[in-house]
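Look at the two complexes coming up: subunit A is in both, with subunit B in one and subunit C in the other.
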Partner chain A sequence: MQTEISTGVMVPGATHHADTRSLDDTILRLEKLSVHLGAGDHARTVVDEVSLTIRAGECTALVGESGSGKSLTSLAIMRLLPSSMHVSGSIVLRRQSGAQVNVSSLPRSELTSIRGLEIGMIFQEPMTSLNPLLTVGEQISEMFMVHRGESRQVAKNHAEEMLVRVGIPEARARLAAMPHELSGGMRQRVMIAIAIACDPRIVIADEPTTALDVTIQAQILETLRGLQERSRGMLFVSHDLGVIAEVADRVHVMYAGQVVESGSVGAILLRARHPYTMGLVASVPRIDRPQPRGAALYSIPGRVPELARMPAGCRFHPRCAHARAGLCDRVVPQIEVTEDGGEVRCLRWREIAPTDTLSASQRGSAL
Partner chain B sequence: MIRYIASRLMQMLPVLFLVSVAVFSMTLLLPGDPTLSMLGENASLADRVALRERLGLDLPLPVQYLRWAQNVVEGDFGRSLRNGEPVSEMLLQRVPATTQLAIMAIILAILIGVPCGIIAALNRNSFGDVAATSVGMFAMAMPSFWLAMLLVMMFSIHLRWLPPSGYVPFLRDPMDSLRLMLLPAVTLGTILAGLILRQTRTSMLSVLSADYVRTARAKGMSERRTILRHALRNALIPIVTVVGLQMGALLGGAAITESIFSIPGLGQMVVDGIFNRDFPAVQGAILVIVTSILFLNLVIDIAYSWIDKRVLR
Partner chain C sequence: MTLVEVRELHKQFVLRKGLFGKVSRVNAVSDVSLNVVQGEVLALVGESGSGKSTLGRLVARLDTPTAGEILYNGANVASLNARQLFAFRRHVQMIFQDPYASLNPHMRVRDMLAEPLQIHGLARGRNAIGARIEQLMGAVGLSSTLASRFPHEFSGGQRQRLSIARALAVEPEFIVADEAVSALDVSTQAQVVNLLSDLKRKLRLTVLFISHNLAIVQNVADRVAVLYLGRILEVAPTEDLFAQARHPYTQALLGAIPVPDPTARRKRIVLKGEIPSPMRPPSGCVFRTRCPHALADCARIVPPLRPVGAGRLAACIRDDLMSGSAPQAIASTTSSRAIP
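Up next is the complex of A and B:
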């Protein structure tokens, strides 16, 4: 049951079973998570009431342009935001012991029992995210030494096993390598090995393939998918719909700090309801649908609003082809649940027919 | 590693050669004919020629340089023009005093500067940070003679805890030697601590916002391990550079501090030598200072390669 979609990649479009899963599969739940920058009168809300769920065996994706708040959301879960930002709402984590904790109110000293152990994280830039002065082996085995109390030698053996698991050849020899001696793809594999070393039930991948070239991207995605096993849930942050199509089960589309649409990957890519999602999908080049010669690829007009000048009403209305004066610039849209279990934040979504990507892009190229 | 050290040593040779040529040329700056000043105004031409031959002054300059260099390598720096004492013996007395002062001062400066700098960086813009940074700046701006006098007034005259001046070789009486050297070391150490504090703070601040420090936190490393293992090591290179440069300056002798505390060190030897036109003494002292600074640079390079293995690869 696979559906051909925009990038010409096969997606398990109808195999998502998010809606039929029992609540017990839930590992992490964000409830109205907001991130605020600064304090007092100058405070700005950069992430606005994001709610989402990460379930075992499922990959949840956050998509959006730069500045949409998707990376901040993932950093907030890890409590890695800069001190100038603070969080409201809750981050409910079900620990491996079964106990539920609210990560956002956990004292700093207890974070070491969450980070690396319950949640592993992979960052965008494998070059700068690895410590340039420590060997690959030291950086991986540290996980086992600190979290598991293993001796240097035992930890080193485990580190070697991890390198094998993420597909690094000559693992024993690579333990002594410094990060700068590895290629970008190898470095990202090392990051993945660190993130999953202590077998966390959640892996957050923040644009893990963005800094890599395309052939390597595919390999890393393959590796990540291989790790997406039974008990593990993943939060995948990306601006790249092609990548999302390959890995995600559920997708949350973010715009200007808010989730504007969510649903199964098939629904988002094939039956987008929010005009912003439609624009995103239409701006992906498609090999199966060549552009007329000389026609520019569709792009959403305008740009993401600045924090200080957030538009009234719907945040997307200045860029929206469907915006209606007097409605979209006045009334703040709320999240509404669609009949297929998705969510959409649009005042006119019922009037705008759920389109397939083809007509969306035709409209796009006509603009 | 050994190849690295060997290549660094080889690189030192041309520098040493140039310095020795410069130091040798100092004798040429002596006004007048040395035979006249040695034999007197009424010496006969024959006597002066004989003396010139005996001293080798009739030889071409490069040959004179080689002879002098050979003597220096054998440890013979000539005799002081002031009292005829062999310069090598003067150096043997003074080098240990200066070295001890430099080491004590730099250890004090590191012990104060590095931890305070780290704490200031971790609590950026807090009261403690502003206080530490201001005190550090004040310390850097403080003239050493003034700080020295304040310390003597406080600890020697008022509290009577420490002797005001003097020097005992460390090997003869370690306890007394340390007591005598404490105030001068605190004088120099305080000033250097300010510098090291500021360098440590700046360096730590840039490292603390690095991606790999965020990674260390994301890995679940404790704050202590994140800072000491992941951040500090990366911040260390500029700190080591500053420490090395200052150590070099200290080995050159802190003439003012040495005179205030009556320590017979290299700094004083150079200053006295210049005032007395005692060129062999100045030559010897400068050669020793330059050589030790070159070796110190080697030690710093080795420290770099120990901190950052990429240097060797």
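Up next is the complex of A and C:
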């Protein structure tokens, strides 16, 4: 079932009234969140004024290539950035109690009440994010003991229930397993169990299937989709547009630390407006739309700029086929709202027809 | 013409837990027979533990087989003497996945490209070597002004270009590319894939292209061999394989690849269960524990790789599935998510 709301975004499975939805469903809002590296003259902005909303029952995706700032954004929400970085802007979380807090200004001592309880996190590589010296059962039980004050025995029973919920067979026996005894897919299921143990309303998943084989990825994506029941909101960070198409409702595309475009998953993948998004979508070789063999794959010319040498004007202009001298290399584009509720950071977006990405990819590299 | 002939190849690794610990054996490659035809790009695809990298390393003689043989231009690679091996190294080069690990961090680009030229006596004298380095860097799209830099001064895509330049320095005829573009971002990946395709055409290379990325394989390969737990389950010309995969594993593998189109409602087979440990592969058909079509016999019979159509081979005892005339009866679950 889909509900059309005023911004033109279709929300799968939404049971809310259109008029109250935008008010009631927001669980987390990033308002001009920036991440700065270093201080003084050497300070660099690695994430630049990212604004986005995570809503109940909805999956918001952050997509971009290495160095685009997508992972830093998700770490900032969890206050997991290294101490060499600091944050400006706000991270407004509506707690389950209804109270609003700014996570970026919470004292460190209060973070325990956010992490795991309000926001769960799933990382890319479960081998490095699970404790190699504790059993799976101990690591899940810990969530219940720390956050809920449960006894070891009660927590253990709950841990077993969690393993069942994330699809691990022989859950009772697996409680005693060490992380290295499990396969990559099973370890990722354990990560998911820990992330959702205390039933947080938000789950952040940072490249959760990138390290997995494709047949296992399909299984984990099914499990992750199931997490959005109970009106949980999800922030899904990925570089893989195929995975994004499977899970996301709304997509924010990041380039060189900025969101350059956002919109519904259909708008971004099928009717992109920003030249970078168009190029990114066209660069993906696809088994559903095979090209003649040996035909050149489309690729965006040039490469991602270095932090210390960010181009003036639009950060994408040196690689952009639509860039106009005197404009794109001078004027810094601001986010503009499109008629279908998307956002685009491009000075020329109104002149550039939203491309059907199929024709873009078939043009090959002749763009 | 067959350039490489792999015959009943086996590779077993022996693992020991601790000094006196239990010995376990992994059959990384089991009974693999395969030909590589001169001038073709043959792709090896499969998931972790499928043995595709081990097979590539065996063919490049970076490892020696436990049993079976590899013939390169008719000569058994395992029994090459020192002089023959030297010549073999000139003809066969490898490109690895991780350009951060496969380039010597202490060597300038110039030196790492000059080394193979000097060893093989392909260019003598400063000027000749310099000219060849300039030519090699040009061939992979790098400016020769970067020749005095170290690997860390390059981006991932540029480093992979350097790896390619280094492999090409000795004018090889056969390249084993092991996940050569897997570590790269999508826009860079396309650039390097295009470069490899161009070079292959210009230099008439034969390529063994090892990859888990089937969309790229579809773009570059002439033929595809699908591996699972050390065994080849299917071999077919690329178009045929993608148009109609015969083996249930290939079908599942293709079906599991997400495509960047939220409206695509593809037939999706989500395979149950895990990839079994290569230390304890299932009896009979290695895929049977996850196969939606498995019969009782599948646990007893190791299915031979057999012809199932023009230029196609598959290892499955289900004649009804292999004939190609039967519809692809698949336990499929059509994705039913609402598309925003």
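FYI, the second predicted complex is superposed on the first by the 341 of 367 C-alpha atoms of A that agree within 3 Å, B and C clash if a C-alpha of one lies under 4 Å from a C-alpha of the other, contacts with A are read in each partner's own complex, and residues count from 1 in each chain.
Here, contacts are C-beta pairs under 8 Å (C-beta built on N, C-alpha and C of every residue); 3 or more make two chains touch, one makes a residue touch a chain.
Nothing here was measured: the structure is a model prediction, and the numbers come from that model.
Residue contacts after overlaying the shared chain place A:V265 against subunit C, while subunit B stays out of touching range. Within the superposed three-chain model, A:H239 lies in touch with subunit C and out of touch with subunit B [touch as defined at top]. In the superposition on chain A, A:P333 makes contact with neither subunit B nor subunit C.
Of the two partner chains placed around the shared chain by superposition, subunit C is the only one that A:I300 touches, whereas subunit B remains out of contact. By the document's definition of touching, of the two partners only subunit B reaches A:H180; subunit C does not. More residues of subunit A lie in contact with C than with the other chain of the pair subunit B and subunit C. After overlaying the two complexes on the shared chain, residue contacts for A:L117 are found with subunit B alone; subunit C is out of touch. Of all residues in subunit C, those touching subunit A in their complex are 47-48, 155-157, 185-191, 193-194, 197, 201, 212-216, 218-222, 238-239, 242, 252-254, 256-264, 266, 268, 270-271, 274-275, 290, 335, 337-340. Residues of subunit B that touch subunit A in their complex: 210-212, 214-223, 225, 230, 233-234, 307-310, 313. Put simply, subunit A touches subunit C in their complex at residues 1-2, 9-13, 65-66, 183-186, 213-219, 221-222, 225, 239-246, 248-250, 264-266, 269-270, 279-281, 283-288, 290-291, 293-300, 303-304, 365.
Listed in rising order, the residues of subunit A touching subunit B in the complex are 78, 80, 108, 111-117, 120-121, 123, 125, 128-135, 142-143, 146-147, 178, 180-181, 191, 194, 198.
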